[in-house]
Structure formats: C-alpha cells, structure tokens
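One chain, chain A, appears in both complexes that follow, with chain B as partner in the first and chain C in the second.
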Partner chain A sequence: MWKYALKRVIQGVITVWFIATATFFAMHAVPGDPLSGDKALTERIRANLEIKYGLDKPLFTQYVIYLKNISQGDFGISFTQENRQVNDIIREHFPVSATLGILAIVFAAVGGVLWGALTALYRNRWPDTVIMFLVILGISVPSFVVAALGQLSLVKLNNLTGVSILPVGGWGTVWHMILPSMVLGLGTMAYLTRLMRSSMLEIISADYIRTAKAKGVPPTQIFTRHQLRNAILPVITVLGPSIAAITTGGFVVEIIFAIPGLGRYFVQAVQQLDYTVIMGTTVFYGAFLVFMVIVVDIIYGYIDPRVRLE
Partner chain B sequence: MSNTHITSIDSEDAFAKSAARQLLIYGVGAVFVIGILMMGLQGLASIVGSGTTTADAIDIENQSITIAIRTEPPQLNSTLATDSSSGMILAHVMEGLLRMSMDDQLEPAIATRWEVTDQHATFWLRRDAKWSDGVAITAHDFMFAWKTALLPELGSEYAFLLYAIKNGRAINEGTMPPDSLGVSAPDDFTLVVELERPIAFFDKMVTFQTYLPIREDFYNTTDGKFGADADQMLYSGPFVISNWVHGSSLLLERNPHYWNQQTISLKRIHIGYITSDAGATLNFFKDGKIAYTTLLAENLNDALEQRWHIQREQDGTVFFLEFNHRDERITRNRNLRRAMQLVMDMEELVYKVTKLPGYIPGESLFPGWLQGVNDKFRKEYPVTKLRLNRESALQHLELAKQELGLDKIPEIVLLTGDNPVSNIQSEWTQAVLKRELNIDIKIDKQIFKQRLAKMTSGDFDLVMAGWGPDYDDPLTFGDLFASWNLNNRGRYNNPEMDRLIEIAQLSVDPTTRMEAFAGIQQLAFDDVVLLPMYERGVTYVVHPQLKDVKRRVVGAEVDFTRAYIVPAR
Partner chain C sequence: MAEIPMAPALIDAAAFTRIEQTEGIHGISRPSLSYWQDAWIRLKANRRALWSLYLVAGLMVFTLLGPLFWQVDPAQQDVEQISQPPGADRNITLVPEYEPWYGSPDAPGEGLRFVADPSTQHVRIQWDPMPGAAGYRVYRNIFPIGPEQALGLPLQETDLSQTYFEDRLDLQPRDYFYTVVALDPRNKELDQLQTIQGAVTRVLSPSEARARGLIAEHAQAEIGSSYTLALHPLGTDYLGRDMLARLMHGARVSLFIGFFAPFLYVIFGVAYGSTAGFLGGATDQFLMRFADFVVALPFLLFMILLKVVFAIGPGESGILPMLLAMVLLLWPGTARLVRGQILQIREEAYISASRLLGAKTTYLVMRHMIPNTMGVILVTITFAVPSAIFTEAFLSFIGMGVAPPTPSWGSMCNEGIKTMLTTPHELIFPALLISLTVLAFNLLGDGLRDALDARMRNRE
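So, the complex of A and B:
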C-alpha cells in the first residue's frame, strides 16, 4: 500500500513539473506582456520594471529561478496586485473556492446517487422519464445560464414574498452558499445520475442479485448491500476528477454571485498576462487535481475488494 | 435481459416499494448531513475571514449605503493607481490640495488658498487638516508623495503627470536625484512648487490622485506594502477604510479626523460586492442590496420595465478609428483616409447600429464636455461639419490608387477588441467600406494585452481605440498625436501638429491656448489623422432615496462623498 502511494506521489510530482514547464513556456510565447497598460511607458521606466520583475534575464534563466522558487513554495509577487504575494492570494481565496466546491460536490454526489437509484428502480415509468429529461437539461445547459437564471428567480421570489429568503450574492454565511453551490453542482449531479442509473440497471440483472433473492435475503439488505454498494463504484471513480473540476471551474458562478474565490483570479490573470499569478494558480490547481486522483485511487482499494494496491 | 423476469411482477413491485422507502430514508438523512456540513463550512469560512456582511442598499437610521464595484482595486497606493476602482475609492478616502466641487469647479481642500504664476505655484495649507491618526497634514507630505511617485524604480504609469514640476521628468528617467525636485516648504503649511514650464492648468492637475499626500514616516513602516491593505494606509479624506476583505468587500467609515465634517452626511459606505457581471449587479439592485448600478445595453429593457428613473450621460471618453501613419502602410496616404472619412456616417453607427443610450456621434478629437475660455470648448470652436459624399470619396480613392501605384486597394487590417460592442462596430465599418468603396477589411480581433502589443509594434492599418481624460484640460486629448507621444500608436508625425501642441502646452493665455486646440481640431479633420466614432455614454440607476450622487469624467467615476439619504415618500 505505502509503496504504491509513494510511487503515485513521485509520478504526481513529475506531472506537476511537466505542467509548470509547459505553462511557463506557453505563457511567455503569448504576444503582449504583463507590463503593458493603457498608458504607454517610456523605455527607461519599462527597463526598470523589467529589472524589478526579473524579466530582463534570458528566458531559460527565468525558468530556472522560477523552478527554484516554487520548489521552496514561493510563487512570487503578482504583477497586477503589485503588493500581494501569489501565496497570499491562493491562501485567502482557495478556501472559499474549496468550500463552495465541497458543498457542490456533496450536492452532486448525494443527488446523483439518490436520483440515479430512483430512476433505475422506476425504469421506463414516469419518475424515470421526468428525471431523465431534467438530467439531459442539466448536462446541456451551461453553468452561466443556470447561475443567471437561478439568481433572477431568487430575486423574483424575494420581491414576491417581500422577505429576503436567501441572499442573491456575496459570501459569508451558510445562506450565501446554498444557491451558488447548487448551481455549481447541477451539471455534475446530472452526469452522476445518469452514471448511477446505468450502473444500477446493470447490477439489478446480475446473477448474485438473483441468488440473493432466491436465498431469501430481506429486500432492504439486497438493495443497500448488494445493489447500492456495488453500483456506487463508478460514481466514486469520477468523483476525484470532478472535485478538482468543480473547485477550479467555479469562475462563472464566482463572478455572478460575487464570491471571492480563486477561480476569478485564475481567469483574470490569464487575461492580464499576470505571469506569476498564472503560474501560481496553474501549478497549484494541477497539483490539486493530481492529488485528488491519487486519493480516489487509494480509497478505491478499500471500497472495492477486487482492487489490490500493488 | 437475463432471467430476472422469472420473479413475479408482484414481488418486483414490493421490492421496488421497499427500496424506494429506503431511498427516502437515505434522502432525509442526507439533508441532515448536508445541514451539519454547512454549519461546519460556515465555521471554516469565518476562520478565513472572507465574509460579506449583508446590509441593505440604504439604511437611513445608520446613514449607510451599500454599493458594488466591478473589479477589486489592485492596491490603493495613490502613486501607482491607474484603474477606475482605485480612483473611485481614493476619491472617498483621500483628499489633496484642491478638489472639484459638485458643479465641477475647483474648490479649496487641504489648501485654503493658491496662486499659480508662470514659474511658480504656491499653496497655503489649512492648519486643521489631519491624517486619520490625528497628526497634522503638512507640505512635506505632498513633497514626499511626489518624489516617491517619480522614482524610476517604482515605474508609475501616471508619473508623467508630475513632469509639470521642475526636474520631474529627469528624476523619473533616473538622470537626477529625487531631492532635486522643484518643491519646497518655507514652513510646514506653505508649499512652493517650481514649474518646469508655464502651465495654465496646474491647479486642476493637483486634484488628481498622483498628487495626493503620503506621510513619510508611515510609508516607511509599511515595508513596501503601502496601500495593499486597510491598515497599510493613512487617510486624509472624509472616509477611512475600516475593513478590506480582498476579492469580497471594503467598508468605508467616516474619518473622525477629517477637517470638513459638516459637509459629509453618510456615515458608512459599504462596498459589499465585487463583480464584473452587469446582470448580477442589476439583480442586486432589484433585490434592494445596492444603491447604485450602471446598466449595459442588454439590461436596459429590464430596467425600463421596472419604471426606474434611468440617468444617462457621457463618461468623458472618445472612441475613434486611428490610422497607422507609418511609412510602410497604405493608410499613410491622405487621399485614402479622406475617402474613408467621406463615407463613414457615425450618426448611422450610433443611432441605428449600436443604439446605445447616452452615446453621441463623434465629430472631434475633443469631447463636448471640455471647457473652453468662457463656455464649452466645442461651442466656442465648433468643428467643421463633415458632409458625406460618395462621389468625392471615389475620386479620392482613385487618386490614392494612382499615388500608391496600385490597381486595387489591398485588404486593410482593422485591429479591434473582443467585446460585443467592438464586434458590431467593426462589422459595420467592414460593411460600409465594402459597400461604398469596395475596400476589403480584415477584422483582427484581439484580447486587451495582445491588442496593445500589436498597437505598440504597429501591426495594423486601422485600430479602434478610445481615450479617456487624465486631467480636466483639452490638452489631455490635444497632445495625443504629438510626434513624441508614446500613446500616438499610429506614429502620426506632423511638424504643424507639434507646433500647435507646443503653443497649447506653453501658453498661459486661455484664448491663445484654445485657439491652438481649435487648430489641432481642424488639422485632425483636414489631414484625417483619425475618424472620431463616438463619445461613450453611460446609463445608471440610483436608489430613489439617495441624493447628490455625482458622476465625474475625470478622477472618481462616481462620487458619494456628498450624498445623503432622504426619508421614503
């Protein structure tokens, strides 16, 4: 087990190094530079700024310095937020994105498993038809539409009832989290519902279920122990990458609900060519994704006895 | 299907019922678990301190308002600030020597009296003006701030505004030490500025944020983080920032040490939301969460349905098509430029194509709000009316072909931004030039930084550009096409233009200067230096109980310092 984990971690570090290198060179290949602004700078001032940010050195030297710094966990200072460390930006804003992401994934996983099981039980009857229709909607409507619609509906509801049922934006209390996390988790929930349904249907017709029924195992046990537990495995497999995708993909939801998450900084940095923030967030998110995949693989060994971690 | 259908339908139904019952129990359980999880997350969120304390749009009891801003200020160091969010917040928490009044006239702020001559500007400071820690604001605080802003290693984009002061430019370029700046303080409350050259509007320039004071001993304690956080600042204005949660909110509260308390009635300005989504801010406004929001074209119908009092005006910015005047470009040919000028109907663009409220068709490099000698500049010196004429345009086009030695005008590259409004405008330009002159336009759509890179390197024939004022004088637009101006991205180079600009820069006589600007305006038209497209408009709504919210074209975009709340009718 430990040997396996170690092996995976080493592979993970190599992956992250690769991400960092590719991003570094791709970023510098993009035309334009972080120092340009609305007002043109004179050559002298520009040269001074390049020295300040180390942009005057050859690209490869910059790369080596950069690798040295990130290996020590220092992502440098943001170009656009001149007095802020990239580490501070990640430290202050990632917990917000993570909170939103965790809640969204919980909504998605719980909803996906429950709806998926329900549609499988009632396959080809009206609950199945209705839910599967909604699932197709949930998968195909992009989050910025769902977010805007969700917010607008809430405003209408608040106006209609005359009381503030839920806040329409901002961040701070549990009430602020409910709508954005539901919106954020909706797509994944729809996807998981479909996955759970097909996996349930496969298991319902499996031999061991028939055997269990023939043996006279009580229906509650058959459903929970034999059907749900086995059907949930594929859901757990996709959960790891989903957590990373949801946590990093909350950009649109963060903007619309005015949530101070990291996703916003990530996207703004790319638009503004803020080199240090681009690198910091990409490497951080890359490492996070790799870590989640490893965690899920290890958990898998415990849940599915057929998998051996060697 | 395998053999499952052998089991009877009855038992299947019973099984499904029992399973559904179990699912229901799990569902209810899950809701409880999520509830508990959310309580836990709430704790986590409060630990990282990223809260937006929810307040209403206006609160008459506490005299507080809540507003939203589009982007987080990168930092609030007045020597570095360039963006509109920073400008807006600085205007509320800082005060300089002079200030613009509610009706856009200069009025005393920290200076009670001032005098500008050809060589000197002298400011007499009030003795009761204090920093937010109670220490008196002195002339030294201004001197320190200006010297700091000019430091070459700081790389301030707005340092050029301080070039009016003697040796400012040399210091900024690193050829002279900061202490050689032409400023002195005969005593703590008198500030004498030696000017590099006569400058007619120096008193207006000192209202700008780059001229705000900074106290040296405090600046030195911030360890390079001046302006990065609420406690890394010292305030001279009517409000202080009592809380700044990055990416989330800022709370401005009344500054107890501000000298002019009786003019301020709001106790608290809560910047509760930071979002660039105009739809979201409109929703916040509808929900009674914010007291002010600007509107975009797509939200306008929605706002009209609500029967709000929608206000519209120009935001001070002029947008134009800028030609590339470099030697190797065909747009260097004046007849070609004239041909384009004669067929482009900017009224059609503004009133029939983009149809955005508040926008007015562009006629001049100088927008309509600029002040002339006694009245608006554009009233005193009206621009030559352009008469569209396709036949004349075609003649000019023929001449251009002859001069260039071409049978057909090759494809012209139009560099433009990537927002929806630019899309419509560039497609319109493309269609008009094709229809009227059979000129093919290739639209080169780029995001901000890439567009800047191409503008700087001259990789375009035509570029859609905008220019907003840095200070309240026609020169902020007038010197744009000087051969030495780095913002002259098309490298227009004409000694006559440079001569007129020099007069406008050096003269202190209002009539002489305005005549020079009129000359620039005429030259820009005659030589087709640019094609003015429109003056940008802005539409916004204010909470009906909030009065005296002031929009400005220079400095703070929107000013709440003198706003007050009235009881509901």
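So, the complex of A and C:
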C-alpha cells in the first residue's frame, strides 16, 4: 500500500517535471515575448528589462533557474502585472476555482449516483425513460450553452417574481456559488448517471445478489449493501479524470459568471503572452490534476478489496 | 398387451408415395450472417440509433448540399435587418431624404412627446421645460423602465434652452424607451423625469434605396411606398448576416474538425496502443508512461503554441493548428483502450489455437486482433466525434479557435451569448445544432456499441 503510494507519487513528480519542461520550451518557442508588447521600448530599456527578468541568459541556464525555482515553489513574477508574484495570483484566485470545482464535483457525484441508482431500479419504466432522456440532453449540450441558458432563465425568473432569487453573476456569498457549480457539474453528473446505471444493471445479475436473495436478505438491504456499494466503484474511478474535465469547464463558467477564479486568469495570461503566469498556472494545474488522479487511485484500492495495490 | 400379428400383412406399395425433398429440411433455419451483417441488423432494430443515423445524414445534407440551395453569402451584411429574429417583419417604407431639425417649439401635445413618427431615420422628441431644471439628460433603453430606474444609454445632455432631442444613433425597428431627466446646475440628476415609449418603424430614403438596389437607378421613387427586404429564414445576427448561411458554412468547420480530428487521432492511438500491447514488457511500459505524460499536458497552451508555430496571428482562423493540437494531445485515450483490448485478446484461447496451427504474427494481427478490436475502435470514433465538436466549440468560444469572419458553431455561440437577453435566437440556433449533432453521435455510439458487442447477440 505505502510502497504503491510512494511509487505513484514518484511517477507523479516525473509527470510534473515533464509538464514543466514541455511548457517551458513551448513558451520559448513562441516568437515574440511579453516585452514586445504595445509599448515601444528603447534598446537600453529593453536590455535592462531582459536582465531583470533573466531573459538575457542562454535558454538552458534559464531552464535550470526555472526548474530550481519551481522546485522551491516559486513561480516568479508576472510580466504584465508589475511586481505581482505568480504565487500571489495562484494563492488569491485558486481557492475560488477550487471551491467552485469541489461544489460541482459533489453535486455531480451525489446526483449521478442517486439518479443512476434510481434509473436502474425503475429500468424501462417511465422514471428511467425520463431521467435517461435528461441525461442524454445533459451530455449533449455544451457547458457554455448550459451556463448561458441557466443565466438567462435566472434573469427571467428574477424578473418574473420581482425579487432576486439568486445572483446572476459575481462571487462572494454562498448564493453566488449555487448556479455556477450546478452548471459546471451538470455534464459530469449526466455522465456519472449513465455509468452508475450500467454498473447497477450489471450487478443486478451478479451471483452474489442471487445468493443474497436466496438467503432471504430484505430487498432494501440488498440494494444498499450489495448493489449500491459495488456499483459505486466505477464511478469513483472516473472521478479523477472528471476533476480535469471540471477544471477545463471551469474556465468557461468563470468567464460567463464573472467569477474571479484562476481559470479566467489563465485565459487572460495566454492572450497577453505572460510567460511566468502561463508557466506557473500550467505547472500548478498539471501538478494538481496528477495529484488528484493519484489520490483517487489510492482511494480506489482502499475501497475495492479486489484491487491490490502493488 | 396387444396381440402381435403372426404374419405380416400384405403391404400395398401403391399406398406409399415418395416425398419430394423440400427446402428447409436440410437448410439451416437462419441464414448465416457475418459479424458486420449481424451488427447492422441489430443496429437497424434499435430505433434510437436509426433515428440518430438519419439525423447525421440530415446534417451532412445540410452542410454539403445546403449552400447549393441557399446561396446567400454568409459574410454579406444586411444593414437594414440587424439582429432580426426569424419571421420578423420585412417591410420597409420609403421616406423623404433626411433634413436637419432644430426643434419645433410649437409642436402639439403636452410633456415628453414625439414630434414626428419615430423611424429608423430619426426619432425626434420634445418636452416642456421642467421646473428647477438647469439642463436635461436624455436616456434610451430597449427595456421598460422598472422600479430600479435602469434608464439605459445616456445619449445627450442639453442646456436649459434646448428642450428637444433628435436620436439618430443606430436605430433598429423595435420599441424604445426614452427618458428625460432634469439636471441641477452641477449636472447632478434631479428626481424629475419623464419617460416615453415608441415603436420605431423601418424606413429608407430614396438615395439609400438606390444604393441598396431596392429601386432602379433612375426609376421614380414614390414616397410612402413600401418594399420587401431580403428573406432570412433563421433571422440575422448582430451584424445583419444571414443566420442560415452562417450556420451552413459554420457546420463545415465544426464537422470538419469533428470528423477529421477523431479519425486521425484514433488511427494514431490504434497503431500506438496495439504496438504497446503486442510488444509488451519494457517497451509497453515506456510507451504507456509516455502516454500518461501526454494526457497531463495542458491542451489550451499547446493549442496557442501551434497557432503561433503555424504563423497564424491573433484574429486569424486556426483550423489546422486546432486539428493538429487535437491529434497530438488526444490520442492516449484510444491508445490505452486498444492496448487493453490487445492484451485481452492475446490471451484468448483462439489465438493460442491459431498459433498452434502455425499462424504467423502478421496473420494473427490482421486476422484476429484488428477485426476483434474493430468494434471498440468504431465506437471510440463515434464517441470522439461529439467530444471533438465540443472542443472546437469550446476553443472558438474562448476565442482560441476560429476567428470572427469565419463562422463556426462555437464562435457563433460566442457572439450570440453577448446579445442573449435581447435576441436569443443568435445563441439558440448554433447551440441547438451543436447539441443535436452531439446527441446524434452519442445515440449512434450507444447503438453501435450494443450492436457490435457479440455478447449482446442472444439477449433481447
């Protein structure tokens, strides 16, 4: 168990190093740099700025310095926002994105498991048909459309009732979080519902269910102890990749709902070619995702005794 | 016990006739079907999958043949019809040429009033002096003024002597709400205000009509006569471009990416995954670790990078980099899946049997491995299409994909979302098409998976 975890963590560190390297060289392969922006600089100022940001050194030296800094958790200073540490940007905006993401994941997982179990119980009857229709719809509609339509209907609803039921955009209170996290989690919830349904249906015909029935275990107990617990396993496996999907979806939701999260900053930095912010957020996001997948895998081995972690 | 006759009775040979051999006695009760024939029959039996197949065919017709029937240039702007929903009134009335106006103090009526009929040429309002006012500020809104006093766009400030205002700013045929607020000497708003509502009619002067080709160059233009503007079945967008034409042309980008990218990366993934799975051992380990690294790469960043490598500046369309970025970054999923399949099949008894009979590696791969993974690969492609369409839409939506003049469903959504509250059709049509396409491919994928799964053969 510990050996497995250690192995995965080492693998994770190598992955993060790979991401950092790829990002670094990719960013430096791009012609143009943040100093060749709209302001025309004299040769002298330019040279001074290059020294300040270390751009005058050979590429490999820059790379070594960069690796040394990130291994100490220092992502450098933003190029476009003067004297702002990338660490500060992450510290300030990541909690917002994380809150949104966690709420969305919880919403998606709880909803997915419940709806999936319900559809399997009422297989081929009307609740199944209705929910599966909604699920197909949820999978087929892009997140930005869901976000826009959600916002639109909220505006209409607020206008209709005359009171502001929920805020339409922005961030701050719990009320601000409800609609964005629901919108963000909807696609994943639909996907998890489908997964849960098929794994429930597979389990219904398993031998141990028949045994339990033969033993005379009450149906509710069969459902909670035998079916639900086993059917949840595949849902947990995809939670890791789902976190990645929700992070990407978060970019759009943050833009549409005007939420000051890290995703919005990332898109902005990419447009402004802000080297350090891009590299910092990329490595940070990459490390976060790798870490989440490892955590999910370890949890999985803990929950499912059939998987031996070696 | 019945008595057994001692001697056999005479049997009359004529009582017996030879039975003609009929079909069906020797034949097998059901015709022998190949794997694909069988899958096709089961796919046809699945109503949802069949409908989604029709839907996909319909989309192809819409994209490929549509522009032949609806030959409107998607870039052409119809400035008389901006942001018009489908089925909007297309009539336009000819009015005299514009002449400047400096208020008509003796205009009839009380309070805030229209001096002439409000039209797209001009809206002229006049009001009576308000007590205590040192000046006025005129606002225009497209929504009714609610209790929260959102007055809309401030158009002009006038001094005390001017109690009239002429609006010529980007007028569209719709309802407008004009508000005049009294100002104190420091230009602070007093709480005296008057609001008026007016429906603006669409008009055109003869010179404009000639420029647009609505009337012939030297023909007599009769003031007051009305003309019909060009038809836009699905309305127009915020620049007056035809939605239907844009959707058809946008479909090309979306479906091109949607089909081509999955096709390419699935092929690459199949080659990669089957190599890893077949070779096994250290090679497999190395290849799969590399795939893990690629999965962790941030897609957006490499998208931008490729855009620049292809020397495509900001504001230009980057279809090729988008395609390349997707191919370079999205193959590991397929590779993993195919590797798993190959590993599984490699251990199957029929492979051992075939090998025992002397089959060579190439034969094994071509005859057993690939055909047996074909179903999985086909299903992967079908599910990859909607996700590629999603990715294209997502990238164009955040402005990293197709740039403005080229339409794509994603970029149309991006533009439509800005005017969502006033003209929702600009968002709804492209969003609907994306959703329908994705829906069709998802249902088709489901159907294909069921149809191609040999274990499903005897269920039902």
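FYI, the second predicted complex is superposed on the first by the 304 of 310 C-alpha atoms of A that agree within 3 Å, B and C clash if a C-alpha of one lies under 4 Å from a C-alpha of the other, contacts with A are read in each partner's own complex, and residues count from 1 in each chain.
Convention: contacts are C-beta pairs under 8 Å (C-beta built on N, C-alpha and C of every residue); 3 or more make two chains touch, one makes a residue touch a chain.
Keep in mind the model is a prediction, meaning the values are calculated, not measured.
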Chain A as common anchor, with chain B and chain C clashing or fitting: clash
Contacts of A:Ile136 with chain B and chain C, given as first, second, both or neither: second
Which superposed partner A:Ala148 touches (first chain B, second chain C, both, neither): both
Which of chain B and chain C A:Asn69 touches, first, second, both or neither: neither
Which superposed partner A:Thr237 touches (first chain B, second chain C, both, neither): neither
First (chain B), second (chain C), both or neither touched by A:Arg264: first
Partner, of chain C and chain B, that touches more residues belonging to chain A: B
Which of chain B and chain C A:His176 touches, first, second, both or neither: first
Partner chain in contact with A:Arg210 - chain B first, chain C second, else both or neither: first
Which superposed partner A:Ile256 touches (first chain B, second chain C, both, neither): both
First, second, both or neither for A:Ala26, with chain B first and chain C second: second
Overlapping segment of chain C (options 98-106, 134-142 or 224-232) - the one that collides with chain B in the superposed model: 134-142
Chain B and chain C footprints on chain A, overlapping residues: 30-32, 148, 151-152, 155, 255-256, 271
Chain A - residues contacting chain C, complex: 11, 15-16, 18-19, 22-23, 26-27, 29-32, 136-137, 139-145, 148-149, 151-152, 155, 248, 251-252, 255-256, 266-267, 270-271, 278, 282, 285-286, 289-290
Of chain B, residues touching chain A in the complex: 1-4, 7, 14-16, 18-20, 22-23, 26-27, 30, 34, 37-39, 41-42, 44-46, 48, 50-54, 68, 72, 74-75, 77, 80, 82, 152-153, 155, 157-160, 172-174, 224-228, 232, 245-249, 272-277, 279-280, 283-284, 286-287, 289, 447-450, 452-454, 456, 486-487, 489
Parts of chain C lying in touch with chain A, wherever the complex brings them together: 289, 292-293, 296-302, 304-305, 308-309, 314, 386, 390, 393-394, 397-400, 413-414, 417, 420-421, 424, 427, 431, 434-436, 438-439, 442-443
Sites on chain A touched by chain B in the complex: 30-42, 44-46, 48-49, 51-52, 80-84, 89, 92-93, 95-96, 99, 102-103, 106-107, 110, 114, 117-118, 121-122, 148, 151-152, 154-155, 158-159, 164, 167-174, 176-178, 204-205, 207, 209-210, 213, 219-220, 222-224, 227, 255-261, 264-265, 271-273
